[in-house]
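Two complexes follow with chain A in common, the first pairing it with chain B and the second with chain C.
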Partner chain A sequence: MEMVVVAPPAPSRLEDLKRRFFATPLQALLSLISLTIMAFIVWKLLDWAVFSAVFTTTGGPEACQAAAGACWSVIAARWRIILFGLYPFEEQWRSALACVSVVVMTVLSCIPAFWTGRRIALIWGAGTGLYYVLMKGGVLGLPYVGEEAWGGLALTLFIFVTTCLIGFPLAICLALLRRSDLPWISRTTGLIIDGVRSLPLISILFTFAVVLPFALPQWLQGDKLYRVILGSALFFSAYQAEIVRGGMQGVPAGQEEAAMALGMSYWQRIGRIVLPQAMRNALPATINQFVISFKETSLVVIVGFFEILASGNAAYGTGEWRFAYVEVYAFIAFIYFIFVFSLSRYGAYLERRMAVGER
Partner chain B sequence: MVSLLRNQKVRNALLQALYVGSLAAMVLACVMIARRNLAEQGITSGFDFLFKSTGWDVNFSLLPATANDPYWWFFLIGIVNTLFLGTTGLILATIVGTIVGLARTSSNELARLLGRTYVDIFRNIPLILQVFFWYALITHLPTPRAAHEAFGMLLTSRGLYVPVPNVAGIAFAAAILGVIAAIALPLWLGRTSHLSQPFGERVGIQLTAAATALATAAIILALGRLPDLPLIDFPALQGLNLKGGMRIPPEFSALAIAIAIYGGSYIAEIVRGGFKAVGKGQMEAALSLGLSPWRVFTLVRLPLALRAMLPILANQYVWLMKATTMGIAVGFTDFFMIVALTINHSGQTLEVIGILMAGFLAINLSLAAVFNRINKAIALKGNQLRG
Partner chain C sequence: MDSTLPSGPAVRIEGLDKRYGSFHALRKVNLSVERGERIVICGPSGSGKSTLIRCINRLEEHEGGRITVLGTELNDDVGNIDGIRREVGMVFQHFNLFPHMTVLENCMIAPMIVRKRPRAEAETTARRFLAKVRIPEQAMKFPGQLSGGQQQRVAIARALCMQPQIMLFDEPTSALDPEMIAEVLDVMVTLAAEGMTMICVTHEMGFARRVADRVIFMDGGEIVEEAPPEEFFTSSRNERTRQFLSQVLGH
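So, the complex of A and B:
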């Protein structure tokens, strides 16, 4: 006998649309409202940013100001100061290369093949070292450029990378200390972590930049930039320590006990059994913390650094481009958006990927 | 000696003493050096400076402030400003977050898309950039002479001018309480009234309650009216400046808008997570019992989702309170800016840093305490779902 399978007729496109957006009067109303809002915003935005916008610098600021739409010529005229700050003009290719090296380093450390402690450390060490050599110069025939001339996107990236580079090992140390069996050690560490977490980042940056020079001997003061990076690393590590500790709590106690029964030393247990599993548990939250601290690097503008936000203020703040602040902020927002959005998308992807692995 | 070191207990005690001792020594050394350095500059340590007058002024204050006021008064002003900005931002962010979060959980695809786009854009741009943007936007508005006008409000580069009623402060506050009661009473009656009561009767009681509260508010307003002045004081142009009404300075509006938009995108995600945490079975059970979709929402989904949201929301609120420190970027005199100004002017660095830490600790702890109380009060009894 022959089986005849009759599939229900595929709904026509119109019916499909009707079912999805106009099933009930309430749904229809919601759809219409959303559609109107979307159409209005998209149209206004496109009109401002594309159709009525001025892209070339030929007319100068005057022609640009007269236009109804965006004045992208300010970006064309001032992109160098936004990206590189006050870095010497002839040497700005070094600043660009340094940014590329940081981006490559970040992308590489997102690939699972590099997820061993040694490889990650190697990549980050090499990337940051390359950045430092390129920016600072003084070797290999590159002219010397001091930290006070660094600025723009390059400085933002430098602060972010060094914050993570110092903050991450510090976070693991703090987490281990807080987990310690010795009550005084764990309590004191807990006090430090909670104390730092209860303060706003700005107040910590301010303390490290302005107040700390009073409280340190001359030889320990160092450059203001490195003090601020230390402050931001401390803040990062206090949050990250709690994430790592959470990850460690997710490792079954039997794992460590089994390792102990095999006669492994404390460092072997931590380095080979606990931390690898804890890091895996903590990965989504860690990426989230990276995202947050990338956004928070923008706060150093308050203690007087010429990072991307300050250089943006300078790009429209002087003279003839005074009216073009929206375009400049939109450009900076776009740069932040690219970095932060791709990182957070990657975090979401990892979370899904790891959920598959749960059995 | 060596055998003593082999003893686990002795070793542990030594290790702890070493750790705590070295940390304490570090802090102590820093304080000593700072005191010596400050003494060299002729600054004596101690809290006497709190009672000296500051000699500088603040640009925004809810309390009366002059340059002759002492430092402790300025710290109080700073804390009040921080709490005021924080609370305003928190309420606005919650409203924005609830609307966007509901859009993200709605069954309508277009509304979901809209909500998602909002969250994706505003979450991924640093708060301080948004503060700068709104501040630039507001200070580039037209001058008072060419102000935008809407509903009696004037929008200028010097801030937003809103009409205020010529009513005594106490009466105004009482009237606001009356309006809140007019909204809250019917809701409360709706919760407590029995379902067996006829629908019309219930609505009637609710409406009467609301009307009574509103009428009381109106009477209080009429009684508290300042004599010989029009009921509402509209801002108007006089010469080159604006007179009348109340001015909301651009610093405050920029911060409040930015915190509302940025915080709203985070709260939207919390709201979405809270609704996602409500089991599908609960809703299906409620629907199959014959409850209307609205009742399912208000009686089942919302209460359960609220319980799931509250602990995370509390963290977010603490974060928002700390975000008010961005005020220093645009010159809003919040607590932190007062601290920074005091360090600049008086040089009492160590004491002021201590006050800063104590202030934020107090704010954080009291917020946490409030939310713990709420959390305990609404936690579900029994063993089904613990909030």
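So, the complex of A and C:
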């Protein structure tokens, strides 16, 4: 007997919608109510943000305040403070270029084709070097600008990127030390990790910025900015070390044994066999940690740095634009969103890429 | 073979002792394996057979006795250990292929980073051995895309790419579905016919009968009996051996 298989016709989009949302009268009613509420919210938002909003600075703050919608004029008038903080006005193009250099560096180092030791080192060296020269000046005819005047987006990006650049390798070192066969090494490392994790980030930043100078000789102190970055990197690495260690625990012992049996040295086993698999296991948690660290850069305001959020405060804080704080915060939220969302999407891309070859 | 190699047995084990806490895994084991000899080690689980061959390339550290591999004594000298591991290939029960690399990369990585061979040469060698284990067409796949039997053959090819002088097999067919056992054993038989020094922990008695020069029966951390296969299977002297054989050959 011959079997004839007839596939049911694929439901059209409309039928599918009908089946999902309008199956019974009650369901149809609920669907309609939800739809109305959503439409209302979207309309209100659009009306506020676009249709009734003021975009130009011509009328000044008064005309803007009188408008029914958002007052985007505050951004047009104040964007330079938000993005560049207290950086000298005529030199702000340098701050903008410095942002670009950090972003380009980050994007390049996310591309698999650049993942060799030499290329990554070159990119990071060039990116941070360029940032430093542009921001600080004092060479090539660029006027000198001290770290205390750095601010806004340029500072936020710099703190985030350097925290990760220092913190990530440190995290891997800590994770490896914690896995050591020698109990005094693994216990001490465990104590350091747990110790740092038990402290709030603010207290660590405060210690590194304010307390450390009393304990260190003059020549070891460096600028407050770099001490704060070190503190933030230490905090990052304590959390990330545990994430990396968790990833390593997910790699079967047989993997390292097979590498040993092939004669690979410790660093070859770690670098080629264990870490690549551990990082694949640890990827979701790692992206999470990066996202948290990006947003935690706003805490440096506690030790007197004007990163983007604090610069935003300053942008509306001067009398005439005091009413427009919602718009300023919406703008800053949008900037955070761009960076953090890109980071998440990149994480998703990496997960897809690394899933290759998994059963 | 290289004429500069030191003479003497491939592996010499004298008075080997190993404990895990209170468990005495190996008790004063003596074993000598000549170059080109094929040894099959069998015995009930927990008898110390896996521990014994894992001591030969230092995946387990021994506590008493001496192990000499290809004229080099295994001790705490890391140089000695690395030197021996380069010359001793190992195949595991669970394959232990590197899942983040293709089959070809699995076979190329150790020759490239351990033996410092150029990439092109490593690839030629890898493809030759993949052809030898009869899966040249799977080179660009990832281990997770292959069947168990195919994975184990890749694992054999990976070990052979280091061009070792001795091969250790730790229950290479125990994790395989029955229909895949033959394809792996066939590769091992070919290898034996080419004169490779092999030490195999396995319960495949047909394989032992066909290729082994000596069969070794272990129980309770000791070598209970060792004999050429015909003698081993037909006229074993020891009661424990006969009981074990009746269990594995009984069905």
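We take it that the second predicted complex is superposed on the first by the 316 of 359 C-alpha atoms of A that agree within 3 Å, B and C clash if a C-alpha of one lies under 4 Å from a C-alpha of the other, contacts with A are read in each partner's own complex, and residues count from 1 in each chain.
We take it that contacts are C-beta pairs under 8 Å (C-beta built on N, C-alpha and C of every residue); 3 or more make two chains touch, one makes a residue touch a chain.
As the structure is a computational prediction, the values presented were derived from the model and not from experiment.
> Now for A:217: first (chain B), second (chain C), both, or neither, which partner does it touch?
In the superposition, A:217 contacts chain B only.
> With both complexes superposed on chain A, which partner does A:265 reach: first (chain B), second (chain C), both or neither?
Only chain C is touched by A:265; chain B is not.
> In the superposed arrangement, which partner chain does A:254 touch: chain B (first), chain C (second), both, or neither?
A:254 contacts chain C only, not chain B.
> Looking at chain A, does chain B or chain C touch a larger number of its residues?
B
> Return first, second, both or neither, reflecting whether A:336 touches chain B, chain C, both chains, or no partner chain.
In the superposition, A:336 touches chain B alone.
> Between chain B and chain C, whom does A:277 touch in the aligned arrangement: first, second, both, or neither?
The second partner, chain C, only.
> Is A:30 contacted by the first partner chain B, the second partner chain C, both or neither?
Only chain B is touched by A:30; chain C is not.
> After overlaying the two complexes on chain A, where does the chain B footprint on chain A coincide with the chain C footprint?
Overlap of chain B and chain C footprints on chain A: empty.
> Sort out for me which residues of chain B touch chain A in the complex.
Listed in rising order, the residues of chain B that touch chain A are 12, 15-17, 19-20, 23, 30-31, 33-34, 37-38, 103, 106-111, 113-114, 120-121, 123-129, 132-133, 136-137, 140, 322-323, 325-326, 328-329, 336, 339-340, 343, 349, 353, 356-357, 360-361, 364.
> For the complex, give me every residue of chain A touching chain B.
Where chain A meets chain B, its residues are 20-21, 27, 30-31, 33-35, 37-38, 177, 182-185, 188, 192, 195, 198-203, 206-207, 210-211, 214-217, 295-296, 298-299, 301-302, 309, 313, 323, 325-326, 329, 332-333, 336-337, 340-341, 344.
> Sort out for me which residues of chain A touch chain C in the complex.
252, 254-255, 257-265, 268, 272-273, 276-277, 280, 354, 356-359
> Using the touch definition up top, name the residues of chain C that touch chain A in the complex.
Checking each residue of chain C against chain A gives 57-59, 82, 85-86, 88-90, 92, 94, 96-102, 109-110, 113-114, 142-145, 155, 158-159, 162.
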